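Okay, here's the structure, questions in a sec.
Chains: A, B, C, D and E, in written order; residue numbering restarts at 1 for each.
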Amino acid sequence: MEPRNIVLNVNGIEVIYNHVILVLKGVSLQVPEGGIVALLGGNGAGKTTTLRAVSNLLRGERGAVTKGSIELRGERIENLTPADLVQRGVVQVMEGRHCFAHLTIEENLLTGSYTRKSKAEIAANLEKVYAYFPRLKQRRTSQAAYTSGGEQQMCAIGRALMANPSMVLLDEPSMGLAPQIVEEVFEIVKDLNAKEKVTFLLAEQNTNMALKYADYGYILESGRIVMDGPAGELANNEDVKEFYLGVGGGERKSFRDVKSYKRRKRWLA
Amino acid sequence: QAREQFFPLLSYRTGPYAPNGTPWANGKQDYIKMINARDGGVNGVKLTFEECETGYATDRGVECYERLKSRPGVTLFDPQATGITFALTEKVANDKIPLITLGYGLSVAQDGMAFKWNFPLMGSYWTGADIILQHLAKKEGGWDKLKGKKIALVYHDSPFGKEPIPLLEERARMHGFQLNLVPVTAPGVEQKAAWLQVRQTRPDYVMLWGWGVMNSTALKEAQATGYPRDKMYGVWWSGAEPDVKDVGEGAKGYNALALNTSGQEPKVIQDILKHVHGKGQGTGPKDEVGSVLYTRGLIIQMLGVEAVRRAQERFGKGKVMTSEQVRWGLENLALDQKRLDALGFAGVLRPISTSCQDHMGSTWARIHTWDGKKWNFSSDWYQADEQIIKPMVKAGADKYLADKKMQRRAVADCQS
Amino acid sequence: MLYRENGQFKTSYRADQQIFPIVQDRWAIALLVAAAFVLVPLVASDYMFRAILIPFLIMALAALGVNILVGYCGQISLGSGAFMAVGAYGAYNFFVRVPDMPLVPAILLGGLCATAFGILFGLPSLRVRGLYLAVATLAAQFFSDWMFLRIKWLTNNSESGSVSVSGLQVFGAPIASPESVYWFCLAFLVVIALLAKNLVRSAIGREWMAIRDMDVAAAVIGIRPMYAKLTAFAVSSFIVGVAGALWAFVYLGTWEPAAFSVEVSFRLLFMVIIGGLGSISGAFFGAGFIVVLPIFLNQFLPAFASLFGITISTATVSHTELMIFGALIVWFLIVEPHGLARLWATGKQKLRLWPFPH
Amino acid sequence: MGFFLETLLGGLMAGMLYSLVALGFVLIFKASGVFNFAQGAMVLFAALAMARFSEWIPAWTGIANPVFANVVAFLIAGVLMFVVAWVVEFLVLRHLVNQEGATLLMATLGITYFLEGLGQTLFGSSIYKIDIGMPKDPVIAFESVFEGGVLVNREDLIAALIAAALVALLSVFFQKTATGRALRAVADDHQAAQSIGIPLNRIWVIVWSVAGVVALVAGMIWGSKLGVQFSLATVALRALPVVILGGLTSVPGAIIGGLIIGVGEKLSEVYLGPMVGGGIEIWFAYVLALAFLLFRPQGLFGEKIIDRV
Amino acid sequence: MREPDGFGAGPSPSTPGTGRRFGDVILDVKNISLAFGGVKALTDISFDVREHEVRAIIGPNGAGKSSMLNCINGVYQPQHGSITFRGRTFDHMRSRQVAEMGIARTFQNLALFKGMSVLDNIMTGRNLRIRSNLFLQALRIGPAEREEIRHREAVERIIDFLEIQAFRKTPVGQLPYGLQKRVDLARALAMEPQVLLLDEPMAGMNVEEKQDMCRFILDVNDEFGTTVVLIEHDMGVVMDISDRVVVLDYGKKIGDGVPEEVRANPEVIKAYLGTSH
């Protein structure tokens, strides 16, 4: 990887929910311009929290960044509103979809272009999204609440794309999607990254996919970054293989045969 | 031992009834200030007061009562609200503090032998209703002329509004007029249906038993449905400036009972303007002084002060009276015309004298009429018909005593 | 180690299922109840009793009832004033119509009347939900206002619609002195709070909460929405009804329907939300806040102003009181949307971690 | 028959007046998911401002022309409502993003108290007058057809027209414009709306300002009818059944709901009331709304309540 | 009844790889059709589930998988068709009845009781079995208390089994997603169901967590003999742990059979799996 400009620089942040629950304990990470960076980690590791800290959506969850700094292209952004960030081209796709239940799919998508003013651009974006997700076009007039889980996920991603973002924070895009669609989604990510130079920071559980498409990865455990490195390197790390890819010892193990004891993770020792 | 005679003043200067409650409360305060400024108190005893805001709400009223009742030199309570009166009736008997309810409260409390601590001075809703009917009968040319007539009662749907109904029903039976009851849900901002009913039944007269916003709304609805205002007769709580002012011309011809005058002529008002407002110590705006409810406040306070004075005559001049002593004073008020004139109340009200049996002291009232700018008297004084009211009071009081398993006071008790 | 639960190992589920599993809590509550019964009567003045403590106890009881419905079962109700009224008038009718009716059964029967009324007006909750239901429950409120004014039988044919009771006694002991009224109310409150606490941590309480949090899922695991909602209405309106009877009998003595107006309903809802939805202690906090704060402001403001040599009129005091009251409500909601009880719990949590910040 | 028509007409008019207040509720709910109990207080506050300024302006400027006074007073009151909206957003709403409905509702009750206190402090608690030259005396129509004719209240008629115009305007705004769509999005999910760059702060100021202006119009009309004083706030209680009957989220629903409630309430009071002693209209309105809700729990035109697992 | 796969009528054979034997058909879904307005969520779907088996339902997004479970559960009422459970046939199901008969489920979009602790959430699963009435519960004396403790013990066994001891008293809303899924499963297990319907229990988990989840499901299936119906998008999981698979697409059934068979079905590959699997 050639050295690139750092778009997003998260520096030792600490996040506390509700004044008492300390979740992130000094997380630092960098996202280079035009890169795809994956944030991996188990349940409750703090991936979502990290993304929320970046997009400033913590306040609604009664959380706050209490230490450290977050810079976007050199500018401190902790005190901006989420809307300011979207203006600066950073959009988050929230975990758990969060489509506007009463709006139709198409209206959902259109709200995504709230910050865009040009009619033509909006129309073009809409077409682009429909092209990426034909299924949405079929369901364009149904209320979002009545579409299936996967359709809602597509809608949420599509809605973010409507803002013509320069950087997208994707929180578990693959969750609940059929394998085929998962692949499609990642293809779309790659496509946008290659063609439109959109930078991605994605939190994923599907390590396999994430490492396949990302350039660089961070592994988060209990609110700390425990490991980072280029995607390829991570994918070959023994621990990552065993715990995140499920192929410990070279062979992929059948889910039927997993042992009920666990090996200690080396990096936690 | 307290050296000042303390008047707790329950009032409401906020909330739905504030426009009516404020001048009333101002009058009471100004009178105390005036007595202190002009006379240096009652035989040298300074008068003090503290206001407590009830917002017309019962529980706040009870709180105010509890807060102020044990102040040294506490004199009496005037709760300014029917609901609070109900809640305090029993408490004052326990605490031995008189409760005066001038022109409101329980009609049956006129019977001092049953209600030792209550003083519905100068009139109850029964006497009021009776007087309106007398006036109508007179206008029509005799009681027999009321036969077959229709009279509608548009009333505030609460104990206050319902209180006159038994008397009206009694009179309707006696004289054969038809009584239509039209309740208005509190606070009375929406009366369309009520007035549609009035329009439908086309009564010869409408009696209005409202308080606060209900009065002006009723007048406006009457205008909007074309009911002649000069056929409308309100109780004394429906006949003050706030009730008609913003209706203006539309209320022209509307009549209401008057317990007192309005206007700035009486001497007592002049004294207030001089001794209180003149020194920049007026409680409210100057142009409100002498308005109907303001003057009523003055009267209430004057009666309270006179009760103290009367009590001092018996229990020692220049001393602070206990509330029990004040009660005796209230029960033995004797304000004849001469005394009233001396007090500066000439023409403001009729003489009043209370007794152990009669805690009301006077049932005189007049009718006044709104001419679009001010209230003018349009009738002579009337007095409620004892023959009808007395038995009703007696029966009601007896029922009350029976319910409470209490006894009438012994005549000897009157001396205490 | 002032307030720690570590080290307190539970060796049986029974121990873990006590009302207050933490020793310190247990002691604190025991002390609190003891103080309420013994210490408070020793120090409180007549005014404290009659104007603050007694209304506080009764309103706390009512808030407790409302919290069961609103906080635990999630059915927002603005009809609580009506349930109180039905409790009050119900108890009144039993009290005056049945010869020699003792006081406590009369009050409990009043509560049962409220239960019936509550179930009746709870029926729409099977179909109508959320804010729609909240507004619809106002029907109960306005209906009861009307009913007690119009149906003379209910007010024992009193002309004006106002009724009164007197000569209250329990086992021959009169309930008249402020202490006796206080103890009487406190006893009701403690017993009912205990029963309510038991209910909410039993199966039925879990059903209510399940319905509140996710009714479809609740149905799928076999909870009958109808049963859960109607029992919540029943239990809640019983408690509120008892509180209403107490309010009428021992606080007001003589009352009219307006004593239970829609304003009361709002205030009760206030109490549970400010106090904390879905928490028994929240009812106490909320009632304390709503009962005491206005009185405090009302007395404190003039004193405060006079420090600066200003005298303010009662009108200004009460307007300022309204403004401060409103502002404080908003402020509390911002600080802790889940109410004072949650604030309290967070405080305890901090104490637990103390001296470490997290 | 004439009387029946008259009652019907009276009901329709009263209903329109309720709609005007109901509209304020719907606006804010639809656009932010907040059930704004302060609407009544806003009506009062706006009306008080308008009444007092129209009284003060001739005194200050020396221009006695009532039209001038009223117009300026209206504008000042409008600006005041904008300030209220801004303050509410700045001090309250922005700190309560993403909280539950009940919490927001309580916050608006807090705002209610505050506005009531502030309104009375600034403008007094007496009864004041708004005189916008509405015709007060009735006209009798169809006198030749029915005995006694049918009484029509011109003041109400004008008010009804204003209400209808407002509703038409606002319906278009919500359904057809991008801002309207954004408003609906905010109501559904605060956080998701933020995440795609809808500036909640601005949105809320807009909505509350619009609701403030609607409150001002309602306050002006009700105030000119009733006089301006504290009880004006209680018309909100009469408007609530309208809101739920029409549906919390439907602008046209507010009108239809108003008409149904108005007619139902007046007919019941006039024809059923006398049988049971009267005074039934207020609870009848609620029961009527409830009856409709049993068939359509989301109100006549409200958005369907969604529950899915 | 015709079966497309190898398990026709007759004695139940064992699946390759495990030594377990299947019982009779326990749940039989026949010709179910469900439409919402114009959207046909399910069209004429039939399949059966045998006792003790792990039956997977797969299909692309919006295929109608969750809707199928909702029909079985009585959340949705299908317009056509019937559902037979243990010999009793219904043309639609009612939630309470379903729960009483022993069918439990988990939800795709977590339907936990957010305001309650983990323990309370799981305890609600036992509510059907609570016998003491309101008054006993209020007094909490004798039988009510004992009953509560008995159920608590049962719930604790499930908590141990799913290894969520540490979170007993935590409000579920504060748990990370994966643990919430586990609580959802625990709540269903607390009902001691005969049939367990799982709607994407492993969505949003990493491999390690999925392995844990699979272990739980298999253990339940082995130890309690619980029949499992499973919706899952991770083909690895589906292929490894399910005995038979139904494939839905746009509300139609396009495949049914043992995993290997389904995986080879060209229609399934085209509609769902994509080429790389």
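One rule holds in what follows: a contact is a pair of C-beta atoms (placed from the backbone, for glycine too) under 8 Å apart; a residue touches a chain by one contact, two chains touch by 3 or more.
Composition by chain, UniProt nomenclature: A, E = ABC transporter ATP-binding protein; C, D = Branched-chain amino acid ABC transporter permease.
Since this is a predicted model, take the numbers as computed values, not measurements.
*Asks:* So using the touch definition from the top, which pair is joined by more C-beta contacts, B-D or A-D?
*Replies:* By number of C-beta pairs in contact, B-D is the larger.
*Asks:* Most central chain by CA mean?
*Replies:* It is chain C that sits nearest the middle.
*Asks:* Taking the mean of the C-alpha atoms as each chain's centre, how many Å separate chain B from chain C?
*Replies:* Each chain reduced to its C-alpha mean, chain B and chain C end up 37 Å apart.
*Asks:* Report the inter-chain centroid distance for chain C and chain E in whole angstrom, where each centroid is the mean of the CA atoms.
*Replies:* Here chain C and chain E have centroids separated by 42 Å.
*Asks:* Please work out the Cα centroid separation of chain A and chain E, and write it as a whole number of Å.
*Replies:* Using C-alpha averages as centres, the distance is 29 Å.
*Asks:* How far is the middle of chain A from the middle of chain B, if each middle is the mean of its Cα atoms, in Å?
*Replies:* Comparing mean C-alpha positions, chain B is 74 Å from chain A.
*Asks:* Two-or-more-chain contact residues of chain C, please, as numbers and ranges.
*Replies:* Each of 142, 145-146, 149, 214, 216-217, 220, 315, 318-319, 321-322 in chain C touches at least two other chains.
*Asks:* Would you please write down the residue numbers of chain E that are in contact with two or more other chains?
*Replies:* Within chain E, residues 75, 107-109, 111 contact more than one other chain.
*Asks:* Could you pull out the residues of chain A that touch at least 2 other chains?
*Replies:* Within chain A, the residues that touch at least two other chains are 21, 146.
*Asks:* Within their complex, state which residues of chain A touch chain C.
*Replies:* 16, 18-22
*Asks:* Given the complex with chain A, which residues does chain E contribute to the contact?
*Replies:* Chain E residues touching chain A: 17, 36, 39, 59-63, 66, 108-109, 174-179, 200, 203-211, 214-215, 218, 233-237, 240-241, 272-274, 276-277.
*Asks:* Okay, in this complex, where on chain B does chain D touch?
*Replies:* Touch residues, chain B against chain D: 13-16, 18-19, 22, 157, 181-185, 187-190, 192-194, 196-197, 199-200, 212-213, 216-217, 220, 223-226, 242, 245-248, 250.
*Asks:* Within their complex, state which residues of chain C touch chain D.
*Replies:* Touching chain D: residues 70, 76, 124, 127-132, 134-136, 138-139, 142-143, 145-146, 149-150, 214-217, 220, 262, 266, 269-270, 273-274, 277, 315-316, 318-330, 333-334, 337-338 of chain C.
*Asks:* Mind pulling up the chain C residues that touch chain B in the complex?
*Replies:* Within the complex, chain C contacts chain B at residues 46-47, 50-52, 55, 96, 142, 145-146, 149, 159-162, 164, 166-167, 176, 251-259, 263, 294-295, 298-299, 313-315, 317-319, 321-322.
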